[in-house]
Each structure stands twice: as C-alpha cells, then as structure tokens.
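Look at the two complexes coming up: subunit A is in both, with subunit B in one and subunit C in the other.
== the complex of A and B ==
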C-alpha cells in the first residue's frame, strides 16, 4: 500500500483527542489556584513548544541524513517530512502566546511585565533581548524559516516521485543543497528560540548548555513518536518494507540519544553543582526541593528506563519492548519540558501577585489529569495534521536513489 | 550491512584493484628501504625530539622556574599544549568506533593511520601533566595506591585526577583497539616475509593463522572494544573541559564546555588526520585507498564541527552578555578586545571563518586547499586553548595582580619536542605496519565500488533503459 488513507475512524479518534484537549484547557483556565490563569497558559506554552520542537527536529535530522549519505531511513522518510509540516501549526499556536504577551493576558514571562523590569537591574540588562518585540519577530521569522525549508525539501522529495528516475540524482542533489543550507540555519536559530521560549521563563537564570540540552530532549521525543507511528502503521499494513532491521536501528538511536541527553543533563547539572554559585544553583534547588517528582522522575524515565530496557539487542527488535519504551520516552521528554517550564512560571506568577509558592500546586508540582488531557489533545492535533500530510504524498519515495538500500537494509 | 548499495555512492577504492594488488600496494612500503623524503623527515623529527628531551631535562634540573609562569598565570603553554594534543587524539577513535556505529564505510581507508596518530598524540599530551608537576620524581603521587604518606592522598574531588583516569583509560582502549586491528595485517606481512623479519612479525601477529575461529574471536573483540571506545570519545574531552568548567572563574565556568570541547577535539583531530594523510597517501602511493572522496568526507566533518564550535563561541559570548554578571561580561570583553586580542582573532579566523570555504565542493576536493586549511585549523585550535587559559588567567579579580605571559625558550622547546615525538613515532609506524587496514579494506572492496560505474549511469539514462530500471 503506497497510498495512505486517513480513515474516518482515526479522524474521529483524533478529533476526540483534540476535543478532550480543548476541554482540559478550558477547565484548567477556571480550575486554577494560581494567579493570571497560569495553569492554562503554561500548559498551552509547554505543549506548543514540545510539539513544534518535534517538527523542527524532524526536518533537522532529515537534512543531516541527506548530507551524510544515509540510506536506510528512506523507506519511512515520508513520516519525518510529514512531521516537519507541523511547524506551521506550531507557529499559529505561538501567535496566541505572543498575543497574550501584548495583551497582558498571561504572566508566563517575568520580563514581559514593564513594572517588574523597571524594578530589576538584571532584567533591564537583558531587555534588549528579552522584550515582546524580539520575541515576536524571532518567533515568526525563525519558525517561518524552518517551515520554509521543510516545505521546500518535502516538495522536492515529492516531485522526485513523479518526475525523477532511479538513476536521476538531480532531485537528491537539490535536496542536499537545501539540507546543507538548513543545518547551520537550524543550528543557530534553534538556540535563540529555546532561550526565548523556554529559558527566559526563569528570567534571571542562564546556562550556556541549555539550548543543546533541550534540543536533545526534542530529538528523543521525535524518535519515540516515529517508532510509535511506524509500529502502528505496520500493523495496518503500511510500510511493509520497514522491517525489524529498521526498528532495530531506530531503537539504537533511541538508546544512544537517550544516553546523549543524559550526558548533557549531567554536564549541566554537575558543573553547576560543583561550582556552587548561588545564581545558578537556585534553578536546581527549586526543582529538587519543590518539584522532586519532576526532578527524579525525569531521570528515571528518560535515562534509567531506556538504558536498561534497550541495552539488549532483542528489545530493540521486538515491537512490545520498543513500543513501551517509546511511549515512556514520548511522555518522559514531555515531562522534561514540563520541568523546564512549570517551576519558573509558577514562581514568576506568585511573586508578581505578591504571594509565595508553597506546598502542592495543582498542575505544577506534578502533571495533573488536566495536563495529561491537554497532552493528549496536542498529540491528537499533531497526529491529525501529520496524517493529512501523509495522505498528500506516496508513502514510499519510489525514485529515491537510496530506496533499494533501505529495502534491503540489514543490520 | 546491506548488500545492496545505491549507485549514487562513489567507490571507496579506485583503480579496479584485485585482492592481491591491495596486499601488494599496502605491504610493499614496509618491505623496501625508505626513500629520501622519509629519511629527511626522520632526521628532522628526531632532531626535534632530541631538543625536546633536552628542554625537559633542563626543566627537571633547574625547575619550573625556567618557564615564564607566574603567580597570576599558573597555566600557560604547558596546559595549552596538553589540551591541544588530547584534542588531536580524538579523531582516531571517533573514526574507528563512532563511524563504525554509523556504518560509514569510508572509514576503512583512514582508520589505521588515524588510530596510530591518536595514540602518539595522547603520548604527547600525557607528557605535560607529568612534567608540569615540577618534581618528576614524585609523579607516582598521581596514583591512588596504598602508601605510607599519611594524609598525602589523591583528591578524588578534583577533575585533574579524573583526567588522569580518563586519559589512561582512553590510551589503553585505543591501543588495544589499534593493535587488535593490526593482528591479521601483521600476519599478512609475515606471510610475505623471510628469515628474522618473519619471526618478528609472527610474534607481533600472535601466530595468527586466519582460521574461522580466529576471525570469529577477532570480530567479537573488535565489537567489544568499539563499544567501550564510543563513550570514551566523549568522556575524555568532557573531563578535560571539567578541569576548567568546575571552577568559578569567569570564562571557564560555563556549562556548554563539555560538548563544545568534544566538538572542538574532533575538529582538530580531523585536521591533523588531513595533514598527515595528504602527505602519506602521496609518499606511499595510496591514492586509490585514501581517495579524494575520503578527503572530501573529512572536510565535511571539519566544516560541521568547526561550525558547531562557532555556535558554542557565539553562545558563550551571548550568554556572557545575557547573564548580567559584570565579571563574566568583562572576561569576554577581555578575550576579544584585551591584551591577547590577537589570539582571539586568530582563533575566530582559523576555527570558524576559514573552514567555511569548505562549502565549496571544489575546495573540499582540492588537495592544496585541504592541506592549507588543515594547518589553519591546527593553529586555530591551539589558539583556542591559549585564549581560554592564558587570556582568562591574565586578568583576574584583582587588577593589582594582572599580568602578561610569554613563553621562554624552554617551553617552546618542549612544545617542539612533542612534534618530534609525534612525527618520529608516526614515521616509524609507516615503516613497520600497513598504513591502511588490509583486511578491512578488502571487506568493503566489493560492497563499496562495484555498483558505481559511470557508464552504468550513462546507459541507464537512455529512455528505453530508464523504464526498465524504475520497475
């Protein structure tokens, strides 16, 4: 089956998920013990950032693979091309956050509050970067550029299906040029976007490694979602040429990049712990003391679990273990972004309202049911959009020069 | 490894070699008398080595006072050279272990020489902490062994000690990995040799017979060592970066250091591989094994890692401003515009700007350009370490202790001496061992070339054939 059909049953499921997400968002707007409806807004920001990042990593990895003469992923590369199309949806969702900044609807960012900035010399120093204009322009320009590249590469890839031939390498060459241009663009801009969207939630705190750390988190999330979808699609009869060999290699990625993520986590944590500078340690102090479930849970789900489950050869080839780990990691890295965003938002909102955060706060200390519902809603939206994009092109890029390699892939 | 190879891939071995020709081409340099170029090179290298030994003895006899280090600048050329050499020692294991995991078959052309280079570079690096302690006769204090020194025990909290463990582990695994690969090749040399030479190579190859059992064990051992070596590629330079980043010194204490040092290490390691390979392939006539495509691939890695280092430089600069912390801001202002501005400029120009020429395919495939660029990168990466170390130390919190540092002839002599060690070893290596892994290159001969035939493409472009192939 080379033509993907978005069945009406699936449509209903995803629409149901989106409905659940919207309902949870509405409920979290009203059932909120924090000022400025911070629970609602932080859930919105958190999920938008996570899924937009997955879209970005899809096009980033696709470009890297083009340049590295990678062949084995060809048989399922349409999934990544479809993922990357979500960037445009992500941009629209970010516009809501931006509108909120200008309309003072929320208090996600301390720096967006002119009164707070006036009383704070450190934030005044950062003001040339941390201000609504830069946030808006960077978000629109950067995500727009990402989407442009994703669109371009996908359209060449689809054109190859119709106009190319197996020994016609011109499409591959063209894609390579766009991919080569995208890598440095994506590499530089993703750092800026992470600083703005995520790191500036803790407006005083800074870490040079932060951008690479969050990008690694996105990457593992993206791989986990790819594996989940591939297994689901295979059970429906699509992607028959994707075998245990491909899943094995994706499993290796999941394993390897989970360790890489841990390496970055450790590098950031250890250096801050060792130097023991108050301005930096406060970040982890807050998390260890007030958010212990997030702090330790993050490591258990994203490191201990994949490390021990995926260490063996066979667990990377069996659907059950691979699916289980992928689901855990898709959730785990969502949780990682949760712990990056929520503590900062909570403190900002509380301090600004003249209160102090203490004890358990629904939707912040740990993800509550409304957060899980919102996650399912955004996942439903992501998948809905991905499925509609998959429908628009053949599933197998039959004229890709690497396709035969991919079909005969053997680990 | 898939048996089907896309026709888009360029062949990895050119010249339509047969298996026998490969043996001939690669073994023969070890079987004939060295040429004039080799002898001249060896004389220069051993001369430098001798001068290095003299400078080291001078240091040991008269003490560290013969260096220009002072109270403010306690680390100078010594640690700069140490980090520089460790960095260079990263390419070999990256090529043998990580590229193996990523199934980059082109690695077989260069892995042997790169691994050898790694080992020699790590030897050069390890020298510096040894002599830097000043009292070389108590250097065994480094090792946590039971002793009667009472409270004089190693400090396990110190990254300098972790460094000792990291580098000695790395050296051991790299050496084992390299030697394991050499065993079947030494056997090949042995089978062609006569007399005493045969006896030596028989010992070196552990009596390898090439039986199925031998190959099976050899394969398992290689795989285990690759698995061990992979985390080591990351860990060594990570821990070197901890030497700086665990401190509270502005400009040193920054969390991006670990991955950024690793990227820089790979960058400089590949540059050194290029420098050596371009000469080696020419002198030993190995152009069919270390092809222009190999050089191009390595240039791509240099472009990638150079740009990653560039992202890290700019991140550091930006976050220094963003932090709002005046000492951090001063540290970077001082780097770029302070007394050592020229070394910062050299670093930026050589590491970030100049590799950008490799965006051009023509330059990537040009031997002259590659050679010049590889030297540039080597220089740039040396300056990077100098910038991090000397510039930062020269301007500390107390303006009254600010200082300036230039090396003495002794420090320069030791640095030149490490070049002597490095090249003496490398030149000897090219005489006694096959410079390209014979067994491994044979394993990719069929899979990495047969499919790519220019005429194949030409024929297929004819309309009647196109139809057929696409089905």
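== the complex of A and C ==
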C-alpha cells in the first residue's frame, strides 16, 4: 500500500484528542491558583515548544542524512517530511504567545515586563536580546526559514516521485544542496530560538549548554514518535518494507541519543554544581528542593529506563519493548521541557504578583490531569496535521535512488 | 577447532553470493561444515550456519559493572574514610564529581575485559601462530571447510562433488596440526 488514507475513525480519535486538549486548556485558564493565568499560558508554551521542536528535528535529521549519503531511512522518510510540515502550525501557535507578550496577557517572561526590567540591572544588560521585538522577529524569521527549507526539501522529494527515476540522482543532489544549507542555519538558529522560548523563562539565569541539551531532548522525542508511528502503521499494513532491521537502527538512535541527552544534562549540571556561582546554582537549587519529583523523575525516565531496557540487542528488535520505551521517552522528554519551563514561570508569576510560591502548586509541581490532557490535545493536533500531510504524497518514495538500499537494509 | 591431526578439505569461492548458496546447499544435504572463512563479514551467513548470538556483550556488561563498582567504591572509600579533603567547599561524599571517573573506568574495564576475553576464546594472542588454510581467504576468496578425519574415499568424493556442483573455484585439502 503506497497511498496513505487518513481513515475517518482516526480523524475522529484525533479530533477527540484535540477537543480534550482545548477543554483542558479552557479549564486550566479558569481553574488556576497562580496569578495571570500562568497555568494555562505555561501549558500552551510548553506543548507548542515541544511539538514545534519535534518538527524542526525531523527536517534537521533528514538534512543530516541526505548529507551523509544515508539510504536506510528512505523507506520511511515521508514520515519525517510530514513531521517537519508541522512547523507552520507551531509558528501560528507561537504567534499567540507573541500576541500575549504585546497585549500583556501573560507573565511568562520576566523580561517582557518594562517595570521589572527598569529596576533590574541584570535584565537591563540582557535587554538588547531579551525584548519583545527580538522575540517576535526571531520567532517569525527562524521558524519561517525552517518551514521554507522543510517545504523545499519535501517538494523536491515529491517531484522526484513523478519525474525522477531510480538511477536519476539529480533530485537527490538538489535535496542535498538544500540540506547542506539548512544544517548550519538550523544549528545556529535553533540555539537562539531555545534561548528565547525556553531559557529566558528564567531571565536571570543562563547556560551555554542549554541549547544542546534541549535540542537533544527534542531529538529523542522525535525519534520516539517516529518509532511509535512506524509500529502503528506497520500494524495497519503500511510500510511493509520497514523491517526489524530499520526498527533496530531507530532503537539504537533512541538508546544512543538518550545517553547523549544524559551526557549533556550532566555536563550542564556538574559545571554549575562545581563552579557554585549563586546566580547559576539557583536554577538547580529550586528544582531539587521544590520540584524533586520532576528533577529525579526526569533522569529515571529519560536515562535509567532506556539505558537498561534498550541495552540488549533483542529489545531493540522486538515491537513490544521498543514501543514501551518510545512511549515512555515521548512522555519523558515532554516532562523534561515541563521542568525547564514550569519552575521559572511559577517564580516569575509569583514575584510579579508580590506573592511567594510555597508548597505544592497544582499544574506546576508535577503535571496534573489538565497538563496530561493538554499534552494529548497537542499530540492529536500534531498527528492530525502529520496524517493529512502523509496523505498528500506517496507513502514510499518509489523513485528515490536509495530506496533499494533501504529495502535491503541489514544490520 | 584445534583437534590433533586435522585433515581438512576446503573449497574456495569467488564471491559471497556463490558462498551463500553453497552453504545453503550444504545444509540441505546435511553436510557437516567445519567452518566458513570470509575476508569480510557476510550478512545473513550466521543464521544459515546456525550460529548462536555471541555472548561477548554479556561479559562486557559484567566487566563494566565491575569497573563501576571499583571506581565508585574506591573514590568513596578514599574521600570519606582514608583521606578526606574538602574541595571547593563540597561535601566529602559528592557524587557528581565521582561520575566522570566512574564512567571512564566502566568503559576501560568493559573494553579491556572484552578484548582479553575475545582473544582468549579465539585462541589468539602474542606469540600464538595459527595455521591458515589458504592465505587468500584474508583477501578475496571465500572458503567452506570440512573436517575429513577418518572419512572413507567415497565420502570425500561426495564432498568434492558438492564443491564442483556449487561452483567452487578450487578444491584443496590440507592437514592442520
């Protein structure tokens, strides 16, 4: 089956998920113990950032694979192309956050509050970068550029289906040029966008490793979602040429990049712990003392679990264990972004309102039901959009010169 | 592999496709293959030969765990019992500073242990000289070998016939010590 059909049953499921997400967002807007509706806004930012990042990493890895003359991923590369199309939806959702900054609807970012900045020399020093204009221009330009490249590479890939041939490398070469241009652009701009979107939530704090660390988190989330979708599609009869060999290699990626993520997490943690500079340690101090479940749970789900489950050869080849780990990691890296964003937002909101955060705060200390519902909603939106994009093109690029290599892939 | 007085009959093939079909044919005829030698790893050969998965990685995991325990245990003992020193105002038992060295020793123990184990089970090592059936099997020839100790002439003829029918380039015999 080379033509994907978005069945109406699946449509209903995803629309139901989106409905649940919207309901949870509305509920979290009103059922909120924190000032400025921070629970709603931080949920919105958190999920938007996570899923937009998954879209970005899809096109980034696709470009890297093009440049590396990689062939094994060809049979399922349409999934990554479809993921990357979500960037446009992510941009629209980020525009809501931007509108909120200009309209002072929320207090996600301390630096967006002119009075607070005027009274704060540290934030004044950062003001040339951390201000609403830079935030707006960078968000629109950078996500726009990402989407442009993703669209370009996808359109060449689709044109290859119609006009190319298995021995015709001209389309592949064109995609390679676009991919080569995208890698440095994507690499540098993703760092800037992570500083603005996520790191500036803790406006006083900065870490040079932060962009690497959060990008690694996106990457593991993206791979986990790819594996989940491939297994689901295979059970429906699509992607018959994707075998245990491909899943094995994706499982290796999942395993390897989970360790890479841990390496970056630890590098960031240990340097700050060792240097013991007050304005840096406050970041981890807050998380260890007030968010211990998030802080340690993050490490257990994202490191201990995949490390011991996926270490063996056969667990990467068996659908059950791979699916289990992928679901855990998709949730785990969502939780990672949760702990990057929520403590800072809570602190900013409480400080601006002249209160002090103490004890358990629902929706912040650990993800509540509304947070999980919002996650399901955004996942539904992401999958709905991905499925419609998958429907628009052949599922397997029949004229890709590397397809044969992918079909005969053997590890 | 190293029994005394080994008579070996072996056929040399020119590429791995011929080799694979010959191995399949030998399995169909229930011929008892002593070993197959190739200049590079041939994908899909192991399951046809019925070789079980290597257990080297289990040994590697155990060596790694030994490394972890030794590194972490030793540092803990030194810095809390034997010679406690305060570094940068940190507690004596400060786990984050132990982790890099624990990681390094885990890797070191795992890799050295696996190399030694691999050399031991393969009978290799400094000063050991293993006889090779034909030097070209490390270059461009693919070899199937049969142990022919105590075989009658008709059985050996049958093996030679097998080599001829499966397209072997050369058929030789050699006596290994």
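Everything that follows uses one rule, which is that the second predicted complex is superposed on the first by the 411 of 411 C-alpha atoms of A that agree within 3 Å, B and C clash if a C-alpha of one lies under 4 Å from a C-alpha of the other, contacts with A are read in each partner's own complex, and residues count from 1 in each chain.
What we mean here is this: a contact is a pair of C-beta atoms (placed from the backbone, for glycine too) under 8 Å apart; a residue touches a chain by one contact, two chains touch by 3 or more.
What you are looking at is a predicted structure, and each value in this text was computed from that prediction instead of being measured.
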| item | value |
| --- | --- |
| Subunit B versus subunit C as contact partner of A:141, first or second or both or neither | neither |
| Subunit B versus subunit C as contact partner of A:293, first or second or both or neither | neither |
| Greater residue coverage of subunit A in the superposed arrangement, subunit B or subunit C | B |
| Subunit B versus subunit C as contact partner of A:311, first or second or both or neither | second |
| First, second, both or neither for A:206, with subunit B first and subunit C second | first |
| Partner chain in contact with A:99 - subunit B first, subunit C second, else both or neither | neither |
| Contacts of A:118 with subunit B and subunit C, given as first, second, both or neither | neither |
| Touched partner set for A:72, first subunit B, second subunit C, both or neither | first |
| Partner chain(s) touched by A:166 [first = subunit B, second = subunit C, both, neither] | first |
| Set of subunit A residues, in rising order, touched by both subunit B and subunit C | 270, 274, 276, 410 |
| Of all residues in subunit C, those that touch subunit A in their complex | 43-44, 53, 57, 61, 88-90, 96-97, 99-100 |
| Residues of subunit A touching subunit B in the complex | 67-69, 71-72, 121-122, 125-126, 129, 165-167, 169, 172, 180, 183-184, 187-188, 191, 195, 204, 206-212, 252, 256, 259, 263-264, 267-268, 270-272, 274-277, 279, 398-399, 401-402, 404-405, 407-410 |
| Subunit B - residues contacting subunit A, complex | 1-9, 101-102, 104, 231, 234, 238, 242, 245-248, 253-259, 300, 304, 307-308, 311-312, 314-316, 319, 322-325, 359, 457, 460-461, 466, 469-470 |
| For the subunit A and subunit C complex, residues of the former touching the latter | 266, 269-270, 273-274, 276, 311, 313, 410 |
